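Just below sit the structures, each encoded as structure tokens.
Look for chain A in each of the two complexes below; its partner is chain B in the first and chain C in the second.
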Partner chain A sequence: MTFRFDKLGIVIAVVVAYAAFAAPFATFRANRIVPGQARSILESLPSALGALLLAIVIVGGIIALLKTPLVLRLAASVIALAALAILIGTAGGFLTPAGNTFARVSPASGFWLLIFAFTLLLADVLTRLNLSPSARVGALVVAALAVGALLVSGSWDSLSILKEYASRADSFWAEGSKHVTLALGSLAAAVVVGLPLGILCHRVEPLRAGVLNVLNIIQTIPSIALFGLLIAPLGWVAAHVPGAAGFGIRGIGTAPAFVALFLYSLLPVVANTVVGLAGVPRAANDAARGMGMTDRQRLFDVEFPLAFPVILTGIRIVLVQNIGLATIAALIGGGGFGVFVFQGVGQTAMDLVLLGAVPTVALAFAAAIILDAVIEMTSTKRRAQPA
Partner chain B sequence: MKAWLPALLRLALLVLLVAFIASPGWFEPLLRPLTENGAPAIYNQGSLLTLTLLHLRTVLVATVAATIVAVALAILVTRPAGAEFLPLSRSLVNIGQSFPPVAVLALAVPAVGFGEKPTLIALFLYGLLPIFENALTALTTLPGNVMEAARGAGMTGWQRLVKVELPLSAPVILGGIRLSVVIGLATATIGSTVAAKTLGEVIIAGLISNNLAFVLQGGLIVAALAVLIYDGLSAIERYAARRMGRETA
Partner chain C sequence: MIEIEGITKRYDETTVVDNVSLVIEPRTIAVIVGTSGSGKTTLLRMINRLVEPTSGVIKLDGADNRSVPDYQLRRSIGYAIQGHGLFPHRTVAQNIATVPLLLGWDKDRIKARVDELMTLYQLDPQAYGPRYPHELSGGQQQRVGVARALAAEPNVLLMDEPFGALDPIIRTKAQEDLLAIQKRFGTTIILVTHDMEEAVHMGDKIAVMDAGKVLQYAKPAEILARPANGFVETLVGSSERPFRLLSLGRVRDAVEPGGAEGEAIPGDASQRDALAELLWAGRPALPVKDGDGKLIGRITVEGLVKRARPA
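Up next, the complex of A and B:
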């Protein structure tokens, strides 16, 4: 029997070998901001568990290296990821001296590389399986539930990022809901304004270039500058328009962040509406006109449904972009997960940076997967329907 | 029809930009009304010219590195030997694009410390994606008859790549580079939150001291740079496309 090597598997096996034997698995620090000491897998875990984890990642690496059936590769990647996720929590408890509340244990480069290698294997398997959109969302839900279960069970409580969370649990959820409100609210406002504007640009040719140029230029203004520039006009509005201040409009805080995100969101929505409507086949429009449809009926019953997947692509771009940009709102007192990122940068407390960055990345990632699935579903459904 | 008007506007913008960076003092009366309590109207904690040059250098270094790596990767996965990586690399690009630049920047700090390096890493990683995606699109949608002809003419794989595939792909790859540069110019300002020397310093100094004039001049310089560079690269792209007889989208 001859063994054949998988090309991607070679890359994965090299990363796994380096991460398991040469790189530190966890970092131990006597307190929150001193430099850490590296600990290998066998040093970070009770010896039986350490040996088990080593065995799992080595077998997983070999399965990835050789040409093996997809089901086996899927099992290897899922088991290795689960073992890593559970055992890093165990390592936290094992490395922290009993009763010591200052010591911090955080995952080190070896852990992150192993996660990266097996996520790569999992991504490769999932790509080759060519999952349907709903199966992809299903996989996302399963992964989210698994992470949620680990969080609730408290097995990660001894890790430094969760210690940062424990001391700010209330503000974490408050900033989190502010972050989501900013991202989703500005998206909703951009859709309400951008869709009609896009339709107008489609119908009125001379408007098109001008509107798109202005929106393009807004995109080139760096986000921190735009956030800052809106402070003055909104402060003026709050001071001079009766009732505005009571409505929550103020110079600093959420209002300028909201307006800035709204302005950035307009271009993708308007541009994709215009492109989507322009891509509606002439035959479809002619047929609708021939049937005696009014302009309004044609817009809602023919053009809009056909342009929908393209418009949705614009909305996906906006949502992912807004979740990322909302982090910057923290610089002008607008709240959001950015608060932790910038606080952490200021105190050189990297666990605090992670507390802000990880949920942001997770949110953006989940939004991208869900909207990609929705886009695929809407566009295949339309293709499948008889014209 | 009035083809000279946009060109004239751009020239005026360029002249204004150069004048402002070289001698910001001339514009002091314009920015004066934006300040309060006699605060300085022109950034006074460093020279705007130096910051602009450092800003451009950061973006340039990151973009050149990103271009080399992204194009090399795209070439690799479109060769028969690397074809196995093609589907995976597509999904990785898709996943990568959902990472917010601020998060990349913040996560790079623990690995390499404060200063210029995390900014370069964030710009490099974020610049990779548009270039890789465009290079991949270009290399996988080359006209079949041209490739056939090149093969028929007895060209080796290397000759086809250098003499046919890359020149034909150049306009689309340039489009990716342009996108990456514009994103990079704006993202580099955020780099100043981790102590990189870029124009973001001016904006952040303005935010901290509540000085709108600083915020405005920092923001406008970056925006003007972005608009001019975007236009310049578009022009190069159109030139390349004309030479290749391909229409850009």
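Up next, the complex of A and C:
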């Protein structure tokens, strides 16, 4: 019997080997800000469990390395991820001395690399399985439910990031909802303004280059600079427009964050609307006119439905970008998960940084998967016809 | 009846259509033939006002085509283009129903009409109605495009190189289908093409255009026999001319009394096909049969050769 190697599997196996044997699995610290001490897999877990986890990741690595059936690769990645997720919680309990509330145990580079390697394997398998859009969303829901179950069960409570959470549970959810409101609200505003603007740019050719250039320039302004630039005008509006201040408009805070995110969102929405409309087959447009559709009917019955998948792609870019960018809003008192990131940086408490960063990444990831699925669903029936 | 009177279209300094006048009789097929850039498509598009003329008038059954709003005018005129222009996001049935829907027909009437047209075009409404255009073959897409143009029972059908994207075998079939449907509905058709073969085959009259002007507007036989000038002659193609002339006549019109050996040729075949048959069989004459298979005489190479030259 000959073995054949899987190309991506070689990378995964190398990462797994390094993470399992050379990198620390968990970090133990006497309190939340002192430097930590590295612990390997075998040191982090009761001996039987440590050996079991090591065996699971090694077998998983070998399965990834060789050309193996997809079902086997799927099982290997799911089992390895589940074992890692459950046992990192066990490691937290095992490493923390009984009754010590100051000691912190957090996942270390080895753990994250193993998660990365097996997620890569899982993503590769899911791609090769060519799942339908709804099946992909289903897989996302299953993963979210599994993580949720682990969180609720309390098996991760001994980890540092959840200890940070425990002391900030109320503000976590408040900042979380602010984060989502900022990201979604600015997206909604950008769609409301950007779609008509895109249609206008498509119809009125001379406008196109100008509008897109201005939006391009806005896109290149660093976010912190944009916040700074907005302080003066928004402060003026708050002081001079009656009711504006009562509406929450101020030089700093949520208003400039919202405006900045909105401005950043405009380019992808407008540009994709223009590209989408330009991509409508000429013959379809000509036929629509020739058969007696009015401009309005042509826009809503032909151009818009055909451009929709491309426009949706723009909205997906904006949503993922906004979820990430909204983190910066905390700098000017705009709230959101960024609050924890900047507090954590200020206190050199990496666990607190993670408390802000991990949900942000998870949100962006979920938004990307869901919108990709929606895009695919809307465009399957409209596949471009052979020219 | 379509009356085109002194139509001119200028873009800045370029004159695309230059003072063209044509009368197209009802229930006939007029073919506008010319090279690319001759202005034939622009002329066609001025009939349903996709292009507005710089000067001149176009009358449909006596009424100026500017007497109603452009979108209303277009709903009353069928329009089929090269590459069919089907809406990729709509099913075949929805595509065909486009104009009836715009005109506000009721559901049952639309469905009845869509089914009628699909059946006419040998597309099973049950099987093909719910499909999307990309799921059809090129020939089927083209048929749906023409069916869509005919959906609202227009008196006039404009066609811009409707068969341009089809392979030769499917193209011949599409041309036959169109001729049959034109007979059935009595639609007045104006067809734009660059293919003289197609023009001779389809047209009751042919308008030859070059550089925005109509050089000759006459019956196919006239164009072949007496081209108005050198350009028309080139377009007709001197090496093809006798065969094209023969293709206009039926075998039954060239039958001579007497019998002959060999396999009988049907009376409604074209004289061109009969000549090919004779040459291939290596015989000076072949018998001719009518629709019932009864022999009605013979056709000879000698007789056909005489007919291959204008009288």
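Criterion: the second predicted complex is superposed on the first by the 383 of 387 C-alpha atoms of A that agree within 3 Å, B and C clash if a C-alpha of one lies under 4 Å from a C-alpha of the other, contacts with A are read in each partner's own complex, and residues count from 1 in each chain.
Keep this in mind: a residue touches a chain if its C-beta (ideal position, glycine included) is under 8 Å from a C-beta of that chain, and two chains touch if they have at least 3 such contacts.
This one's a predicted model, so the numbers in the text were calculated from it and none came from an experiment.
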Which partner does A:L84 contact after superposing on A: first (chain B), second (chain C), both, neither? neither
Which partner does A:A357 contact after superposing on A: first (chain B), second (chain C), both, neither? first
Is A:P222 touching anything from chain B or chain C once the two structures are fitted on A? First, second, both or neither. first
So, does A:A123 touch the first partner chain B, the second partner chain C, both, or neither? first
Does the superposition put A:P281 against chain B (first), chain C (second), both, or neither? second
Of the two partners chain B and chain C, more of chain A gets touched by chain B
If we overlay the two complexes on their shared chain A, which of chain B and chain C does A:V15 touch? Say first, second, both or neither. neither
Please give the residue numbers of chain B that touch chain A in the complex, ascending. 34, 82, 84-85, 87-88, 90-92, 94-95, 97-103, 106-107, 109-110, 114, 182, 185-186, 189-190, 193-194, 199-200, 203-204, 206-207, 212, 215-216, 218-220, 222-223, 226-227, 230
Over in the complex, which chain A residues touch chain C? Could you list them? 281, 283-294, 297, 302, 305-306, 381-387
Residue numbers of chain C touching chain A in their complex, please. 48, 50, 71-76, 79, 81-89, 98-99, 102, 132-134, 141, 145, 148-149, 158
Contact footprint of chain B on chain A as seen in their complex: 6-8, 120, 123-124, 126-128, 217, 219-226, 228-229, 231-232, 320, 323-325, 327-328, 331-332, 338, 341-342, 344-345, 348, 350, 353-354, 356-357, 360-361, 364-365, 367-368, 372
